[in-house]
Amino acid sequence: MRVGIIGATGYGGAELLRLLNQHPHVQEVVLYTSSKEGMNIQESYPHVSNIYNQTLKSIDVTSIKDEVDTVFLATPPGVSAEWSGQIAEAGCRVIDLSGDLRLQNPEVYEKWYKREAAPLALINDAVYGLPEWNRESIQKAQIISNPGCYPTATLLGLAPLVKNKLIDVDSIIIDAKSGTSGAGRSPSAITHFSEMNENFKIYQINQHKHIPEIEQNLHQWDEQVQSITFQPHLVPMVRGIMATIYAKANQQISETELRDLYKEAYRNEYFVRIRPEGAYPATKEVYGSNYCDIGLTYDERTGRITVVSVIDNVVKGASGQAIQNFNLIHGFEEDTGLTLVPMYP
Amino acid sequence: MRVGIIGATGYGGAELLRLLNQHPHVQEVVLYTSSKEGMNIQESYPHVSNIYNQTLKSIDVTSIKDEVDTVFLATPPGVSAEWSGQIAEAGCRVIDLSGDLRLQNPEVYEKWYKREAAPLALINDAVYGLPEWNRESIQKAQIISNPGCYPTATLLGLAPLVKNKLIDVDSIIIDAKSGTSGAGRSPSAITHFSEMNENFKIYQINQHKHIPEIEQNLHQWDEQVQSITFQPHLVPMVRGIMATIYAKANQQISETELRDLYKEAYRNEYFVRIRPEGAYPATKEVYGSNYCDIGLTYDERTGRITVVSVIDNVVKGASGQAIQNFNLIHGFEEDTGLTLVPMYP
Amino acid sequence: MRVGIIGATGYGGAELLRLLNQHPHVQEVVLYTSSKEGMNIQESYPHVSNIYNQTLKSIDVTSIKDEVDTVFLATPPGVSAEWSGQIAEAGCRVIDLSGDLRLQNPEVYEKWYKREAAPLALINDAVYGLPEWNRESIQKAQIISNPGCYPTATLLGLAPLVKNKLIDVDSIIIDAKSGTSGAGRSPSAITHFSEMNENFKIYQINQHKHIPEIEQNLHQWDEQVQSITFQPHLVPMVRGIMATIYAKANQQISETELRDLYKEAYRNEYFVRIRPEGAYPATKEVYGSNYCDIGLTYDERTGRITVVSVIDNVVKGASGQAIQNFNLIHGFEEDTGLTLVPMYP
Amino acid sequence: MRVGIIGATGYGGAELLRLLNQHPHVQEVVLYTSSKEGMNIQESYPHVSNIYNQTLKSIDVTSIKDEVDTVFLATPPGVSAEWSGQIAEAGCRVIDLSGDLRLQNPEVYEKWYKREAAPLALINDAVYGLPEWNRESIQKAQIISNPGCYPTATLLGLAPLVKNKLIDVDSIIIDAKSGTSGAGRSPSAITHFSEMNENFKIYQINQHKHIPEIEQNLHQWDEQVQSITFQPHLVPMVRGIMATIYAKANQQISETELRDLYKEAYRNEYFVRIRPEGAYPATKEVYGSNYCDIGLTYDERTGRITVVSVIDNVVKGASGQAIQNFNLIHGFEEDTGLTLVPMYP
């Protein structure tokens, strides 16, 4: 299998390089760029010295068609909207890690992203790549829209509750915390080390682009769910997301029943691990891996459920999940190349 | 003014040393200990070399009475319950930074702290030292029970909403994040650097001792408030608390009205700063200072208010607030010795 | 006393704001800028809300002369070369925190800084502001060139050895480590949080601009000293410098003699603290303060002395030392406004 | 191949678990303990949930012999001295990650380690496991003494210079910096998060146990080398070592010649990467991998060479190198299971 990456110099791209190197069915990786043609990847990433030696090529659909079978787009907004359709038409599978194709309603996209939506036909062709809850569609897809990092942690944490209608639909609050790698590789004031270390920040209050993505999926699972409260925060660490999810139970439920529900829901899921009673995951426990670890509790005093869901935002929240989808569309075992043990400490 | 510190080798004690050094009315600081008698404070804290040269003395009420006017207790559970009453009877003012005297109901104390409560008479004598909302009682108090770090950030953030009955009383959720200094100076697995750095943790789920302290105060402000949801998290940083507070508005309210309400509530408060529209505080913006900075928003989509309240847990959440109380009980200007500008970056 | 700051939006400027706020003889602080005229300082630094409310003014020598007595320049290269002379001529004292006036030989400046040197007359007028070893000249100076952060830690660490000719002059190696605040406030790839956290870097190998500054001073103390080896590193922390200094003793010396030498040399120096036998300072032990802490050892196996010198790069390495110089030129007690206890933890 | 680990609950053990999971020739991993018999590994390390489910067994040579082919000891001082001999005699290969068998001279061991040395016969049987310079002996060994983390970075950085006699033998200074994982998993004051974050420390001045280990090897390469200066520091990060190595060239040498020398020396070494001119490695560039990256410079002003050598202390400095040795003694390709790309960022 030959794969291409558009956007290899960003963090999503770098992580694809790391993970694809372990993939037994990937023989060749070709790197494409819209702006850095001719640069050797080692100039951008010395850590791949002696491992990858590719020079970045310009994006050309005809060449891409000849050179690779699948293309990963780890690109800024707008690139996928422009290229994914053409690449797919040329016969390649496309796995888009950007947000361009995630929202089915272009108006919603334009409201939250404040830019023009991708062509509707392209959006309609794209399948939302959350394997645990969308596996069958993914297997048949030509174009995958890989979920956002926050939606991945949140949706895996909420799915059993929402699908089983166990909570008040307007009580959902997600207090999310992320490492800085989610903000990408471009230096900025907010992620300047001197401003971010020994600091904890809230950002994009009520405005994060992942809000409509979460709502869209919850609504598909239970059409009564309309809107949620989601507030993201930046943690002085590089990798990791914790979504602390609050919801009011709409009936008495014991913590054991709750845990059993989750265990059953994810019984066959290699990448979802439910913590035992009294235990809750920390982000480091999934560091560098494709796992989503979940802890649960029900507080009888308040009638409120708290779900703690953690992922590595660069892996299960981006490149790892992309490869999970890659495996699905090509009929490989779903965990191929993704069995890395979390790095601890 | 001569002051004593019991527990100077902990972080609360170290911070008292830092702040009292700037206090114009403190001529002498005497250090007491229950376990490290004879040790020079510099052995424990080289950073006070050439500044403090005291040797720790054992706790003896007769000597304390002769040596100091006010005693700060920055001590583990149980110490204040044992000593505060005697020291106060001997004539000293007592400012207790521990949790021993914060809960008025001994049964509630014993349920949450899982240890014997202090004598009821002592509890009844102690005044809760949250100056912004309890100033008059503090000025007349012999014994101050200094608030916990999380309650300080939370109560200052919630007071205007609760006192004005603007929110559903059972909708309050506090997602709190703290630096590790709140866990104290004793090494432990949870705060071992290799386990805490590049990591984000939730802890004490539904069980933190500050829950009843928050509830007790909210209930005093609006007896309809019974229970809250409060989940604390550990951030890989040393200082700082952010409380992200969620509550459902029980009426239409504009963000401007909300901000005006807070500005009015804290109009005369030197240590509370309300951020302008669209701005939210980060913990570093109060680093090393006694400020509590607050940002606010109302989301029309969900009808939910989000309050962001940040403090330095070691200052406004402990030693700084203790000195603020010290100023009040002695009739000094409330900000005496506390006008330090936050350290940034 | 009215003081002006040119460059208040950088970290050196922010630290001047923090420290000047504690200075009893500073009644007014006026802020000047070459590029951000009209901006309120709180827009750039929310942490000074309610404390400073100044609007930045453009640089105009006539106004400056009328408005302030002393001007601090915390500016990028070239600004001081342009303005310091005019401001001094207009009658203000000038304290320049930039590197423009530190090197007495313009050729050396141009070689290392790779830009045009300041006018020679201006350079000659400027006095190097290392109070511990240059106090008398500072007291009479109109223009102070405030030392670099690395030179401050290094020169205080090396002075007793060099002045007493106790080491081989060509054996000096300084392995220096700094927090990221020394790199300033402009976001860059090297100080991007995701690239700097959980990382340790060496930079400017054999090329750091502080090399000639260190050499110039050592040479003045012992003209036999020609060149040194100096390699700087970046630590994933914000504040603090440690200079680990290696030199070959040119004679037998006991560790006790060594320590006595340093204690004697700094006997009357408020801001230099020598650690006792077997103890070495960590950077946090001077955090936020104007101290330089020094530890010493002599290894009989190798005949080599190791000196460990730590400062807070933003305080003793920049703004604190600038205020120390300010005190000297105005005849205030040298530690006025600078008695802050290090913040720990 | 079946392998055993003694000491799996420490960091060296955890890293063996991570790496062995990727090793194609390892079918089974058995865990032994001297103190935690009966504990499931997931209790100690939730991050291996669903991956490892072993219960720790007590150390029993007869069982070990039957159960595994090779035993890794990732144990505190003294354990290997007690058990390695017996296990080897029983027929297993032994790879000892502790320092028990590294020093050939028991007197030197006892001086630096301040405890009794292992039996001389056992020491003599152990082969020092630095594959790049000791490959042939390793291939034939029954017992491997895996190098210390600092010696690995230092010796790989110094070997070409020392073996080619290019430097003054008494001019070697190693200024080493390590993440905290090297200090192990036991909580302590020095690695308490609140004391270590935003801090940089020097420790074990002139006394680190790795000094004689480095000297022993250098002396074997050039018997003129007697003693070195080595000072270790703690960086507020978890993983990574940088050794900044200084030595005086004993002849004119150009930087190009120097680089060519290193490139030639490590031409066939998969795990050693030499940076091109003007480039120097940061620790993150080898994060989680078995690489040792080296940068070089020669300063004509001082005649001094600076070598920058970085490793991940837990991988190439411990468990990765142990598996490299494991591969060698079993005749596997040396990089088997070790081709992980560094994790970046």
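Chains here go by letter, A, B, C and D, matching the order in which they are written, and residues are numbered from 1 within each.
FYI, a residue touches a chain if its C-beta (ideal position, glycine included) is under 8 Å from a C-beta of that chain, and two chains touch if they have at least 3 such contacts.
Source: prediction; values computed, not measured.
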Neighbouring chains shared between chain C and chain D, ordered by label: A, B
Copies chain B and chain C touch via same or different residues, half shared test: same
CA centroid of chain A to CA centroid of chain C, Å: 46
Whole-Å gap separating chain A and chain D, where each centre is the average of the chain's CA atoms: 36
Touching two or more other chains - residue numbers and ranges from chain A: 11, 179, 181, 185, 194-195, 197-198, 236-239, 284, 287, 345
Residues of chain D defined as touching chain A within the complex: 11, 14, 17-18, 21-22, 45-51, 181, 185, 197-198, 238-239, 270, 273, 275, 279, 281, 284-289, 293, 339-345
Parts of chain C lying in touch with chain D, wherever the complex brings them together: 170, 173, 175, 177, 179, 194-195, 197-203, 205-206, 227-229, 231, 233, 235-240, 242, 244, 246, 280, 282-284, 287, 295, 297, 299, 301-302, 304, 306, 308, 310, 345
Chain C - residues contacting chain A, complex: 11, 179-181, 183, 185, 187-189, 191-198, 236-238
